[in-house]
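Below are two complexes that have chain A in common, paired first with chain B and then with chain C.
And then the complex of A and B:
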């Protein structure tokens, strides 16, 4: 977890020297501190605020996957929420049909990844804006179909999803879902980190810059793109599965197109292609939206204030970050820090 | 038979709306290489503004023209933000226009609320061969035909149109001839905004629009434009008409809620067929 950003060739290489060797220690400390805080937060938060934390963690799970897709494979998905939706419906359908709930949680990422693998065969021939529109189209089609079909409950959706039970333990409390989501996020971060720092990870970064150059260096471009697409969909499916058990119902309205856009905002703001960026983006946007919601629902505010405020902030953030911090908050901040620490020994 | 004719005419009318939207998308993409996600927003702004101006007492015709001008202004504003900063890649500009779409949502909800709105266009219907067709449909078709003819003259004959085409085919060569591609990009954005606004003004009496109608409008417009590789307005027109008629037939004979599914599936199929004919090398060379 700690070295995810450090190991990328972008932040190393240029600044070799004494500062480089000292760095892992504070980074490990930082990661440990974040982990401790993340573990303590559910206990310290008042019970009413825990739900925000759970939703934040679920968003972070999806965003880590999407960030890998956007930052390492260079593909924009404007329909990532469709895989969250597939995961959620898989879990809900399994559980409401009398099968064990843990099976539902297990199937959610598997089915989402399988769907992505299937759709990805024709879809990943497209690149750039075409892929963006194609993924958006997939989600619009899925929303329309799910809203019509009988076995998905139509527009009303599936209600009465039982609580998750694993080996006799029932996840009944809010706080238990916070730890479940935290565990899932930890797993997702570990998997992503191992991929990013491995040989395939370098291949992915190569194909994000130029598919032709990567292919001529022996990177199996199509297979890698397919694998990352499926993996990011699997992450989204996992988050969707936990969401279904946590909220207790799923409906097409729970996974609007706006949710997909929200994931993209989180990736772009945090910084695509870094795990820390994904975590920071998800945290910053969720907290900001919560704050705006608090302001918007105060007395004297018009009824539409929360929506207007959140749209305005999404828009402003996207425009400002893309134009002025194109690499996102976290990579820009680490680059600034690197410059500072690299220049100090020379002065002294 | 009369039902078929009815579906055909209303399908062509809706398709004409998509065609205007798509031609705006094509105009902007040709010159700036930016896929403008906010194109659907221009239609919403145009339609909503026309409605407000009409209810404020402006005579029909003047209200619509003013609304198209407002949408053109919105297009110019989007262009300034999306391409005004040097070194913004077309990929980032797509995300910027997505963000501007969100900002527009906020403004639209503040001004017009979040309920679908409409206004009476050309009221009444005429009966042709036993088919009831709204007069507005004929108005949409007529205006679109005139606009496309004007666009052809503009791009083929006028100096500004030729300058735009020059920037589209080779920005470097255009600059050596004293044409500023950045300024031409802004002209393209304003023109695209006006075309999108016109689509909104014409379509709103046929189907009410709300602030978030833009997602469906832009996907339909993109579907039409992508048929011509986002670069050929005439092919986009053909694509848009096909799309409109297909949707109208599905809604008429099948189920209304499946019409977007059909349109989107058509778009995906077209993109995949086109993609299979282009290799990664060609696409990266075109960048």
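And then the complex of A and C:
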């Protein structure tokens, strides 16, 4: 499914002209290569490492949505993990109450998107920092609520979430979750690409530059922002749903505020508003976290080392990226490539 | 002639100071109306009241048979009001063609769901928008720039691109806020010819402009604002001889 990850949203905006049909663009070849690697990784990785890959894919699902929200609607959500959490708990509650697990997976993004639609009405009236803090506040409230309520299992959370079953097939192996997450990521990328390269996507990209000019062209700015907020929450909910079935339990501790920060750092490092940026950011940060975790859990390190290290590195990374690559890895690389090939007509 | 836009003594103050005060005017279908006045006369405020980016403190706006003074800007765009802003309000990170395609938003409807599912009707609409946008680019002489990033266009072309974006909306009322400012002589002439062409096609236009020759050539009627008030209205010839106007505006120019 991830073969559809063909083009960056920017270059595909101008539907390939005749000149580009003759020989595949570098972006197409690159995307095909990435897709092949993504499909092979679960087979090639040692079994103990597959979990890192699954978590990377789940993060990428969230980050693609958040990147759209930050890049197009210009809204920073510091509480995006709330929606991952809502998705996770939705799936876990559905499954532990004897309902079919596939229904839980289906409901996870729907409930998350619906919650976002609800809180989005007041929240999206806020701007800049205010919205960021409001989303953070929502996550703190949610964490506190879920940690106290009985039906969510309190601080212990919900244990014993059954494995996902779809049409008689049970997702039991690590590797099956890798492909499930990969399929979900492919779907999310496809949906995002379809939106970005069409009428609503143009409206979104327009309002990212100027809400006034976009509104004058007939773009219903508030409705579109709301739609992207819900969509990004839906993606996060989907990732949360898969997470619940994969790990087998959900607890408030699984969705800390740090996770929300991690998503934001992934978006900023990769470059907001691009699909490739989201994928690159999620990959880079996951690998880095893995490395930090290895260092932080070495003998002689204090128990808090991994957390402290993550916070420190997030802060450092944000400062470095904002200073030197303010647009993020992928847009900076694309701009560099465009400058090199400036003699040819630009496609974005 | 039927009235397309009726401004019913609107007022708008900022911090107690009126930027537009009791301005009333009626723009007929097919008319080209110039709005002139010294700096700070309230021209841009008036345009913002018409396009919906500002709400009037009092007064009404009637467009055809509808009251529009409480409608948000995007709803007014959907009714056929398009605006070319004074500055270059282009959308970054998009090609010239995509910028113009945004203009079609006002009269097309496919949303997130049909875009996601790529329904046949959606594909058809996309193809139509694309064809219309290319035609609009052609009209302003920017066809060759279609697939280039709008960010790299020179100022003159940026203005033309905004005009193309407005035309792609197929407006009934086109607002042009100082379209000729900052343009070189050749660009100015091309713009004047474009406006003349649109006028010949019967498009209703309102035009804020400082260039008196530009106004005299293109406008059917001229409304003169000074300190937020409408001080004169008439044909370009009548306005030229109006003592109040000479005192407030042309006098400064002549001095």
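We take it that the second predicted complex is superposed on the first by the 308 of 348 C-alpha atoms of A that agree within 3 Å, B and C clash if a C-alpha of one lies under 4 Å from a C-alpha of the other, contacts with A are read in each partner's own complex, and residues count from 1 in each chain.
The rule is simple: contacts are C-beta pairs under 8 Å (C-beta built on N, C-alpha and C of every residue); 3 or more make two chains touch, one makes a residue touch a chain.
Keep in mind the model is a prediction, meaning the values are calculated, not measured.
K.L.:
Kindly classify A:315 by the partners it touches after superposition: chain B alone (first), chain C alone (second), both, or neither?
P.N.:
So A:315 only meets chain B here.
K.L.:
After lining up the shared chain so the two structures overlap, which partner does A:215 touch, if you call chain B first and chain C second: first, second, both or neither?
P.N.:
Touch partners of A:215: chain B and chain C.
K.L.:
For A:159, decide between first (touching chain B), second (touching chain C), both and neither.
P.N.:
In the superposition, A:159 contacts neither chain B nor chain C.
K.L.:
Determine, under the contact definition given at the top, whether A:49 touches first (chain B), second (chain C), both, or neither.
P.N.:
So A:49 meets neither chain B nor chain C here.
K.L.:
Tell me which partner A:202 touches in the superposition: chain B (first), chain C (second), both or neither.
P.N.:
Once the two structures are laid over each other on A, A:202 reaches chain C alone.
K.L.:
With both structures superposed, pick whichever of chain B and chain C touches the larger number of chain A residues.
P.N.:
B
K.L.:
Who does A:194 touch here: chain B (first), chain C (second), both, or neither?
P.N.:
Second partner only, chain C.
K.L.:
Which positions of chain A sit in both the chain B and the chain C interface?
P.N.:
Looking at chain A, the two contact sets intersect at 210, 212, 215, 221.
K.L.:
Under the definition above, what is the set of chain A residues touching chain B in their complex?
P.N.:
Answer in residue numbers: 76, 122-123, 125-130, 132-134, 136-138, 140-141, 144-145, 147-148, 210-212, 215, 221, 257, 261, 264, 268, 304, 307-309, 311-312, 314-319, 322-323, 326.
K.L.:
Flag every residue of chain A that touches chain C in the complex, lowest number first.
P.N.:
10, 13-15, 17, 191, 194-195, 198-203, 205-206, 208-210, 212-221, 227, 231, 273, 345-348
K.L.:
List the residues on chain B that touch chain A in their complex, please.
P.N.:
35, 81, 85, 88, 90-92, 94-96, 98-106, 109-110, 113-114, 215-216, 219, 222, 226, 255, 257-258, 260-261, 264-265, 267-268, 271-272, 275-276, 280-281, 283-284
K.L.:
In their complex, what parts of chain C are in touch with chain A?
P.N.:
Against chain A, the touching part of chain C is residues 51-53, 72-74, 77-78, 82-83, 85, 89-95, 97-99, 101-108, 110-112, 115-118, 122, 125-126, 129-130, 146-149, 152, 165, 169.
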